[in-house]
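Each of the next two complexes has chain A plus one more chain, namely chain B in the first and chain C in the second.
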Partner chain A sequence: MAEAPLFKPKLKVGKPLFGILVFLMYVFLSAPLLIVFIVSFDSNQFLSFPPQGFTFKWYELLPKETTFMNGLRISLIVAPIVTLIVLLIGVPAALALDRFEFKAKGALQSFFLSPLLIPSIVLALGLVLLFSPLRLTNTYAGIVIGHVAITFPFVVRTTLMSLATSDTSCEAAARILGANSWTVFRRITLPIIQPGVIAGGVIAFIVSFDEAVISLFVAESGLPTLPVNVLRYVENQADAAVAALSVILILFSLVVVVIVERVMGLRKALR
Partner chain B sequence: MNSTKLSIVDLTKRYAPGLEPAVDRLNMSVEEGHLVALLGPSGCGKTTTLRMVAGLMDPTSGSIVVDGKDITHTPVNKRGMGMVFQSYALFPHMDVAQNVAFGLQMRKVPAKEQAKRVAAALDMVQLGHLAKRKVRELSGGQQQRIALARALVVEPTLLLLDEPLSNLDAKLRETMRTEIRSIQQRTGATTLFVTHDQDEALDMADRIAVMNGGLIEQFGPPTEVYERPNTHFVANFIGQANFLTANVVSENGPATDGERYYKVDIEGLGTFGAVGHPGLTGTHELVIRPQRLQASLHAPLGANSITGTIERVSYTGDTLGFSVRAGERLLHAQLMTSSADMPRQGDTAHLSWEAADAYIIPKTPQGPAS
Partner chain C sequence: MSITQTEPRQADRPGHEPGALEKAKVARDRRTYIALLVPAILGLFVSFVLPLAYMIRMSFNQGAPDGVIVETFTLDTYIQPLTDPFYWRVTLDTFQMGVIVGILCVLVSYPVALFLARTTSKYKGLLIAIAIAPLLTSAVVRTYGWMVILGTNGLVNSSLKGMGIIDTPLKLTNNMTGVTIGLVEIFMPYAILAMISGFGRLSYQLEEAAGSLGANKFKVFTKVTLPLSLPGILTAFLMVFVLSISTFITPRLLGGGSVQVLATEIYDQTTGLLNWPFAAALSVILLVLFGAVIAVYQRITKKIGG
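Now for the complex of A and B:
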C-alpha cells in the first residue's frame, strides 16, 4: 500500500540549492559541538581556536578537579529526584487535563505550560525572594522545587501527547472486565502512555542536569550544581578542561537519548 | 420457559439540567438468551442506554435490574458484563492471549484454568493460532473476534455490543454478522446490540427496540417491527415505505392474528382494502412496502389498484425500482428484474396490493407525512 506523497517538490533547479542550504544549517547547528570537541584536545593553556597541539591532559585533569566533581555529585543527586517528583506530579496533572471537563481547564492548561514562556531569570529571582524567608535557599529542596517548576511543562506536554493518541475505550474495556481504577491505571493507561512519560522524564532529567540560572540564584554558595561550577570555573581560569567536560556531558546525553530511542522510541513520543 | 434477564425501568439520562433527556423514561425487558438490537439513528440514545447498562455512565433516574437484582448503583467493575467496542479497544501493549486473559486475571482465576479458558475462547472465534500475536498485527475482522472472545471468556452476565461491525468492510460485515449470531446462540449469552444498521438488526436480533429521541418507538421481533410498524418513524426508518393518508370507512371482518380488515378512503384515489388493529376510526397513515406492490402495464391486477405514470426507473441488478405518479402522490414499487414486462419511463402502470400488505399505522399521524 504505497501512499501518494502529499507534497512533491517540482523545482528541479532548486534542488541542489536546497541541499546546500540544509548542509549549511547542519554545520551551523553542530559547529559549537565540533569546536568544543576539537578544543578539548588542544594543548594550549588557554581556551582558544584554532588548536595548536594535541593532548589528553584536560581529560586526565577532570577527576582531580574538585569543583567539577562536587558539582557533578550535587547535580546527580538533584536531577533524579527532580525527575521522580515531576513525573509523580506531571503525569496525574496531564491525565486530569485530558480526561476531565472542568471550568478552568483552558486556563489551567496555559498555566501549566507557562514556565516555558517565563524567562528563567525572572523565575529564579522570584524563587530567591520566596525561598529566603522560608530558609530554602542553598538547600536541595530549594533547587528541586525550582527545577520541578521548569521541567513540569515538558512532562505535561509529552504525557498529553501520548494521551491524545490513546484510545480511552481501552480503559472502559478494562473496567468492564473487572479492573478497579488503580489496576486500570497500572495495567492499561500507564503502559499505553509510557513513551510520553519516559520522554518527559528524560527531558526533565536533562533540563535539570543542565540548568544554570535557577541553581545559580537559589544555591550558588551552598549547593553549586555542575553548570554553576562550570560557570565559576570559566570565570577564573579559561582552560580547555571545560571543553573536555562538555564533550563528556554531550556523550553522556547522547548515550541516554540513543538508549531511550532504541528501547522506547523517543521520536515517536515527541512527534 | 424463558425468564427475564434484564429489566430497564424508567431509565432516564439527562446530560445537563434543562437539556432534552438523551434517554427518556425507557422501559424494556430482555429475555434470557435473547439478542436485542437497539436500533436508531445517531443521537437517539441507544449508545447512552448501553453505556448505562454497562455501568460506564450513571443514569439520572430509573433503574437497571439484572437477574432480579438492582444493579443501578453497582460499580462498572463489579457488574460482570462483557462488552465489545466499536473501536474494539484491545489493549495494544498485550498480545492476543493476554488480552483475552485479562478479565480472568481480574477474577483471580487460577493460571491453569485461565490458559484453558483462553484457548477455548480463541478456538470459538477460530483464532487459536494467533494467541501470541501482537494486537496491531491483526486485521480488523480478527481484532473484532478477539474483542468478542475477550468479552465472552468471562461468561458475562450480559454481552454488550456497541456498533461492533461498523468499522468492517461490507463483505466482512455480513460474515461477522452470521458468526456473532451463531456464537451468541451457542453460548446463550443474553446480548444487547447497538446498531444504526437496520439490516443488521433484522438479520441478527430476536427483538428489536427501535429508538428515536430517547424513546423506544417499538419493541418487538424483527417481522413485527418491519410488517407492523407502530409509528411513522419505525416504518420509515426500517426498510422503504410508501405512506398514504387514509380515512377509515368501515371494518370488514377479522384478519389473522386478531387484526381486522378495513375499507379506507384515500383522498382523490378512491376506496381500498387495508389491515390494522381492531377498533380503528378516523384518519390514519397507511404503509405499503415497495416490494409488496404488484405492477402491471396493461390492466389492474385486483381490487386495490392505483393507476399512474412511471416517473423514474432505477435498475440495481437484483431489483428494478420505479416511481409512479398518481395525482400528486408518488409511489415507489420494486420488482424482481426477471419480470418479462420491463416498464419504461412515461409508461402507464397499475399498482395493486393485497389488503393484508397495506397496514394502517395505529397512531394518528402528527403533522404531514413525508
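Now for the complex of A and C:
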C-alpha cells in the first residue's frame, strides 16, 4: 500500500454508493459513543430519545455519586502502579530481546505476548482461585497483579517496535568513547525507545483503568474499581448520570489515542 | 545463530581460542540479559502462569455445595458440562454466537477496510485512527451506549414509534439479538485492523488491469478484489470469533441475565454458586475451544506473512 496508484480508479458508478456504505459503517462504529454524548446533555432523567432539553446537571451531579467517586479513587491508585510495574519489567525485557542473542529468544517473545491470547475471564477465574487461599482477593495487590499480566504485552510490543526501527551504531560508538552501560542506556537507548515506552505506558494505563473483568472477579465486593462500579450501576439502572461519566471516560481514552497516534501511530501500536 | 551457540563451538577448535576479553564479554552479556529478563519472567509467572496452572488443577477437584472443595483427582467436573444438555446448549450457543458475530462483523468491516486500504486521501491516517480508536475505550461504556440505543425506550424504538411504524417496542435488549449487535460493533476495530494487515497484495493496478482487459466491475470484484482480500477476511473472522466466545461484559449487560454463554456461566458458577472446580472445568473447555481456533489462526497468518 506504500506506493501510490499509477492512475485513479475508474469505479465511477459504484463510487458514491460505496462511499455512502463506508460512511454508514463509520456511523455504526461510532454510534454507541455518539449516543452517550447526546444523552449526557439530555434533561430527561430516564433514557429516551429524542432528547428533551439541554442540561449540564448530570455532570454537576457526578462528584456527589459516591460509588463512582470511590471507584475512581481505586482505579486511579491501581492504574499508575500497574503502569509503573509493567514499564519497569517490560522495557528491560524488550531490551534483552532486541539487543542480545540467546537460544530461548523466540520462545520468550511468544511467552511475553501470550497474555493477549488468553480470554480475560479465564485468567480472572485463575486469579481468584489462586488469591482466595492467599487472602489476596479484595486487595490492591491482587488487582495490580492481575492487571500486570494483561498490560505487560503492550509495553513489550511497543518498546520492541521502537528498538527494531533503530540501529545500534550510536550505542556502540558511545561505548567505544568510554561511556558505561548505564550512561549508554540513559543517553542513547532511552531517547531511541522513548516513543515505544510512552505509547506502551499510556496503553497500559488505559487498559488497566478500563479493565472490568479481572477487577470484578478479584475485588468485586471489597475494592470495586470504577469500571466494576459502572458495570454494576448499569445492570440496575441506566440513567443519564452514567452517560456523563461515560463521556468523561471517552474523552480520557481520546487523550490516550492522540498520544499514541502522535508518538508511534495507533495502528502500529495496537496490531 | 546466536552467540551463545557459536561461541563454545569456536572454542573447541584449535587455533580459534577466544581471547580472555571476548570470553569476559560473553559472560558479561549473559549476565546482563538475564538480569534484564528475570523481573519480567517472574512477573508473568506470578500473574499469568501460576493462576492458569492453579485453575487447571482446580478443574480436577470435586465441588460440593456451599463452596466446599474436595481435593482429589477426578474428571467428574468435565463429565457434567459434556453430558448435561443444558451445558451443551450453553456451549453451542456460545459457538453459534461466535460464528454469527464473526460473519456479521466481517460483512460490516469489509467495506471500511477496503476503503482504508485503497484510499489515497491525505486524511488516511486520521480515518484509520477513527476506525480503531474505539479499541481504547471502555467496553462497559460502549455496551452502555448500545443499551441506550437498543433499550425499550431507546433510540431505535422511540424513532420507530415516533414514525408510527411500530406500536409495541421491539425487544432488542436482554436477548441474543442485542448481544449480537453490540458485539459486532465492539469487535469492528479488531476486524478492520486484521483486514488491513491481510490485504497486503491488493492493489489498484491489478484491479485496473483486470478492468482494462475487459472485465466488468462485478468480475473485477469476484475475480481480483475478493480472492486477494480473502486471507484478511479469514483472519478477521477467526479473531472476532475467539473474542466473541470469551467475552463477558457485553453478554452480561445486553443479555440482562437471559443470555447464557460460557463466560457468563463461568461468572455465575464462581461468584453465585461457588462451584469453583466446575467453573474451572468450563474455563478449560473454553480455553481448548479458544486454543484450537488460535492455532488455525496462527497457521494462516504465518502463511500470509511468509
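Just so we're on the same page, the second predicted complex is superposed on the first by the 230 of 271 C-alpha atoms of A that agree within 3 Å, B and C clash if a C-alpha of one lies under 4 Å from a C-alpha of the other, contacts with A are read in each partner's own complex, and residues count from 1 in each chain.
Everything that follows uses one rule, which is that a contact is a pair of C-beta atoms (placed from the backbone, for glycine too) under 8 Å apart; a residue touches a chain by one contact, two chains touch by 3 or more.
This structure is a prediction, so every number in the text was calculated from the model and none was measured.
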Of chain C and chain B, partner touching more chain A residues: C
Which superposed partner A:160 touches (first chain B, second chain C, both, neither): neither
Which of chain B and chain C A:169 touches, first, second, both or neither: first
First, second, both or neither for A:112, with chain B first and chain C second: second
First, second, both or neither for A:180, with chain B first and chain C second: first
Partner chain(s) touched by A:72 [first = chain B, second = chain C, both, neither]: neither
Touched partner set for A:223, first chain B, second chain C, both or neither: neither
First (chain B), second (chain C), both or neither touched by A:192: first
Which superposed partner A:204 touches (first chain B, second chain C, both, neither): neither
Of chain C, residues touching chain A in the complex: 1-5, 29-30, 32-33, 35-37, 39-44, 46-48, 50-55, 58, 108-109, 111-112, 115, 117-118, 120, 125, 128-149, 151, 153-155, 158-159, 162, 182, 185, 188-189, 193, 196-197, 199-200, 203-205, 207-208, 211, 217, 242, 245-249, 252-253, 263, 266-267, 270-271, 276, 279-280, 283, 286-287, 290, 294
Of chain A, residues touching chain C in the complex: 1, 4-7, 9-11, 13-14, 18, 21-22, 25-26, 28-36, 39, 46-50, 85-86, 88-90, 92-93, 95-96, 99-103, 105, 108, 111-112, 114-115, 117-123, 125-130, 145-146, 148-149, 152, 156, 181, 203, 206-207, 210, 212-213, 216-217, 220, 227, 230-231, 234-235, 238, 242-243, 246, 249-250, 253-254, 256-257, 260-261, 265-267, 270-271
Residue ranges of chain A touching chain B (in the complex, touch as defined): 167, 169-170, 172-180, 183, 187-188, 191-192, 194
Complex contact set, residues of chain B against chain A: 54-56, 76-83, 85-87, 89-93, 102-103, 106-107, 150, 154, 160
